[in-house]
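In what follows, subunit A forms one complex with subunit B and a second complex with subunit C.
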Partner chain A sequence: MTARAKAPGWFLRRVVHGAPGWITLLTYLFMLLPFAVLITFAFNAGKSTVVWTGFSFRWFEKVVSNGNILDAMQVSLIVAVASAAVSTAIGATAAVAITRRSFPGRDVLGAALAAPLVLPEIVLAVALLMFMSFAGMTLGYTTLIIGHVLVSIPFATLIVRAAASSLDPRLEDAAADLGANEWQTFTMVTLPQLIPAIFTAFILSATLSFDNLVMSTFTSGVGTTTLPLRIYSMLKLGITPEINALGALMVLANVTILLLVMGRYLPLMLKTNRR
Partner chain B sequence: MTNRLSLGLAASTLALFAALPALAEELRIYGWAGEMPDEVLADFEAETGIDVTFDTFDSNESLVAKLDAGGSGYDLVNPSQYAVQILVNRGKLVELDHSKIETYDNIGPTFKEVSYDPGNKYSIPYVWGTTGLAYNKTCVDAPITSWKSLFDEKYKGRVYMLDNMLAAYIAGLQVNGFSANTSDPAEIEKATETLIAQKPMLAGYNSTNFADLVSSGEACIVQSWSSSVLQAIVDNPDVVYVLPEEGGTMWIDGYSILTDAPNPDAAYKFLSYILRPEVAAKTTELTKTATAVPESKALLPKEIAENPAVFPDEATIANADFILDLGDAMKFYQDGWTKVKAAP
Partner chain C sequence: MRRERREQLQTGLMLAPSLLLLGLFILLPLCVVFAYSFALRDPYGAVLPGFTFDNYKELVQGVYLRVLANSVSLAAWTTALCLLLGYPVAYFIAFKAGRAAPVLLLLLLIPFWVNFLIRISAWVVLLGRGGLINQGLVASGLIDEPIGMLGTVGATLVGMVYAFLPMAVFPIYAALTPIDRRLMEAGADLGAGPAETFARVTLPLSLPGVLAAALFVFVPSMGVFAIPVLLGGGKDIILGNLIVQLFLEFRNVPVGAAVSILLLGFSGLGILLYMRALRRVEAMK
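Coming up: the complex of A and B.
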């Protein structure tokens, strides 16, 4: 045997060892390539989303001067922030109640809050529309926000519940020992520990609302066409790179927000982990 | 945090109120995107001082579902022909008072006697177009004139059909010599079989960027709405749109006033406004879609007025069917379409 000879099966072993890396790489490609294509064609000079004809910013100019898109964006943002605020508030309160208190019907409440998760959204949306028209509500911001709260509340609750159930109960006992009343314990001990989870719940709820199409189809009203609804109704006339430009801008906005959030929270998270 | 939360809530509530429209006279329209130019709406607002809110839907089915629940808050809606019939049957549309539409006489005679709403009792026809096929000259040897080409093995992998049940059945039925409006289960069944047999040779069902695909040559022949492919024709002289010899179909998107419209007067003013020849011409120029106002044609630039994709000749139009409300027969279409979509 020479020094160059390798143990039998070296090739296979290498493949097996390398596999996780390759799978990770392919997964990333699978997830990110569509974004790359989307963003590339946002800069296309021609009207096509398939054939490259040159570099241009015209679609960005077009999208930022398109009043309909901007109006729809504003609607989506208002609804996302409002519905996320409501569902985080309800979800967080419910989560704390379910994990920290015992009261009759606790399990039922917990299951009920997760119910929208298992019901197909379209069933929920149609039923809600019927109920709203039965109740004589005019479709608009209120109905849209109620619909979106319904969609995001299970997620908000689950996230805060997970965080609340992993809290150390001894901290609350200690606070009580030191003379804090219940309210002080909650605001000064429990709540601060839950803030990262509440924040996550808020961001996730807002994102779900911003992306929502099905619920919006049924609960939007006069003057409240959301961005996904507007884009979907534009499809009939064919897609132009204007949609790509809009997508590119949204990716940019999301990445910026993400970086800002990480810039604020990452050092905090690292600090706590090094404890 | 509680403070911050309530602050956030208060801020979003404020935003809600800020977003509510001012108290000027209002008109709320629910319509197709891209068929009513923003310029026309802005001109109307400037002339009348009425505030227009224009929301868009993606399909007649969405429109019907939304209106079915009631209390939508809209004044004017923009249904296509069969949706007009459905909405009339459900008592959602007002019987129009033509004396309140000063420009009613501008509507072309053929559009006053449409089969789905004779005498325009419930709807004012506005923009119209056809469903036919588009092809790229560079990949066919002879001009395409028939739906049969969509089923021709020669073009395997380079044909797209519209991803729309009623549109696909137009081709499936007419190629078999049936009416696009049949309610005969046997004929619908035959069309279903035809569409299933066609599936292996299709590149796909596509109702979004088919114009792009045929223009780039990636697709050879596509089933197409006339309005969608027009820009591609202007950009690329190799793209041709035809109504097939079997007929194809014609669609009309008109305006109707809802029975629970908050402001029907403004709706009548809007109808009077859009039927003016110069306004109709502006609509055609900006959306590349013909209107039901023949006088507007003289005001249009030549390349639009003489474009057969916008204005097909009378004989071709006379041959085209309307897609109408098929009532109970719709079930056969839906069942068939499910089979087509599930087929390999």
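Coming up: the complex of A and C.
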């Protein structure tokens, strides 16, 4: 075979070999470009989200003085914290029972708690709406919180389950050998090891709730418009940099929470690992 | 004996909240939807007691059939594109990225820090007539005048892939990482080229992840309603839009219930196909 005959094959192999890298690069551009443009135009002086006319904070001022947005944010925060607390409590209890106890139908319950992952959320939402009106309940905080718990429960359960099943049972045996009763073993040995997972479950549940549109569309009532619902109605009217500024503020809030959590939490995690 | 009873009681107490939640707020409501999908209604939309198949019969009419076809084709395209893009990305992160792998995974999650609707709004701007993409295309001389991309199926598809791609990358990545590299090396040692090693070792071993990714993209993408409105201009509506309209605008509860049951059936079919394919893949090993 001559070198010339080999060349196309070599070239093709090179392309195929490099393909995952190129596709990854383009995919990340695709995923991150809108994000970058969004944040940039939050600082635009003009009313356009396309043409840059100068730097200004005016849209941020507009967001923080927009009563509708602030009200919606308050509703979203209340629902996020409440639904995450309920979801994590129920999910963690079920996860511990599933990994630590044997009872008939254990596998079925495990699968059932993960079911909302593969059931269309909109159907769960419609079902809840119909059930609530059938039961004569008015839509509001209660219905929103129940709906959001349904959305986050699979994640809360799966996260705590994964942590609980990887615990070393010998630690619990050792505690029992050392004279700890069942309750002491649970609160002093099992629970502390599960705290990081429970915390992760809470944060993820709260995030899912805060971002939720589908379930909220059907379960929110008068006066309980959540932030995503407010954004959706704003978007249908047209896009101004106010939306971008709101997005930029969300990034800021997330980074702050992450840093606060990391600062308090990372040393704790390292300590438990060392032990 | 007493200890055993106490343990049973404890287990029962631990399970009660989740059983209550599942039973009262998922199972029972789904039964209500099922029952209503056979209900009669008066000309003003109020639900009447009775039993009829008319709500389902209405679904096989032209308008609804088109919505159904739209939904299936949009979900299928979204799934195909997410897998086509997601697989190489997951492959790169799992085998080639080395130390950058955690960073790349994190980068994929950063967009989630901003509300999903706001991110979609960025696409509305980017794809608009004066948007960055049209500007770039005109400046590069590829086109003479800005083209109308918003309000097309293509724009909807861009938003769908953008929204669901991470759902495809993570399960595939999770299936690729535990693959024993020695198996891949053994393939090469036995004289297989990179393509053959990929086709006969890597791909089959990662298939469960691919199947999970397909399920996680296909099922939710049928029930989406905001993306087709914001990017597709609300022209090619899908099952999600139909359910919103029937329940919240037309107040046609029985037909809405029938559409919901249909969507539930599609998801059930997806899960069934997933489990069958998974069993076949496992049997192959």
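Here is the rule we go by: the second predicted complex is superposed on the first by the 234 of 275 C-alpha atoms of A that agree within 3 Å, B and C clash if a C-alpha of one lies under 4 Å from a C-alpha of the other, contacts with A are read in each partner's own complex, and residues count from 1 in each chain.
Please note the rule applied: a residue touches a chain if its C-beta (ideal position, glycine included) is under 8 Å from a C-beta of that chain, and two chains touch if they have at least 3 such contacts.
The model shown is predicted, which means the values in this text are computed figures rather than measured ones.
After superposition onto subunit A, the modelled positions of subunit B and subunit C overlap sterically. A count of residues in subunit A touched by subunit B and by subunit C gives the higher number to C. Using the contact criterion defined above for the overlaid structures, shared-chain residue A:Phe11 touches neither subunit B nor subunit C, since it reaches no partner. In the superposition on chain A, A:Trp183 makes contact with neither subunit B nor subunit C. Judged by the touch definition given at the top, the superposed model places A:Phe55 against neither subunit B nor subunit C.
Once the two complexes are overlaid on the shared chain, A:Lys236 sits against subunit B and subunit C alike.
Of the two partner chains placed around the shared chain by superposition, subunit B and subunit C are both touched by A:Leu129.
Applying the stated contact rule after C-alpha superposition, one finds that A:Val222 touches subunit B and leaves subunit C untouched.
In the superposed model, A:Leu109 makes contact with subunit C only, not with subunit B. Of the two partner chains placed around the shared chain by superposition, subunit C is the only one that A:Val251 touches, whereas subunit B remains out of contact.
In the superposition on chain A, contact is made by A:Tyr141 with subunit B only, not with subunit C.
Shared contact residues on subunit A (touching subunit B in one structure, subunit C in the other): 49-51, 89, 126, 129-130, 217-218, 232, 235-236, 239. For subunit A in complex with subunit B, the touching residues are 46-51, 67-68, 74-75, 78, 81-82, 85-86, 88-89, 126, 129-130, 132-133, 136-142, 187, 191-192, 195, 198, 217-218, 220-225, 229-230, 232-239. Within the complex formed with subunit C, the residues of subunit A that make contact are 13, 16-17, 19-21, 23-24, 27-28, 30-35, 37-38, 41, 49-51, 89-91, 93-94, 96-97, 101, 103, 109, 112-113, 115-124, 126-131, 134, 146, 149-150, 153, 157, 207, 210-211, 213-214, 217-218, 227-228, 231-232, 235-236, 239, 243-244, 246-247, 250-251, 254-255. Across the complex, subunit C meets subunit A through its residues 7, 10-11, 14-15, 17-19, 21-22, 25-26, 28-30, 32-33, 36, 85, 88-89, 91-93, 96, 104, 107-108, 110-126, 128, 130-132, 162, 165, 194-195, 215-216, 219-220, 222-223, 225-226, 229-230, 240, 243-244, 247-248, 253, 256-257, 260, 263-264, 267, 270-271. Put simply, subunit B touches subunit A in their complex at residues 1-2, 5, 8-9, 11-13, 15-16, 19-21, 28, 32-34, 38, 53-58, 62, 65-66, 69-74, 207-213, 215-216, 218, 225, 227-228, 231, 235.
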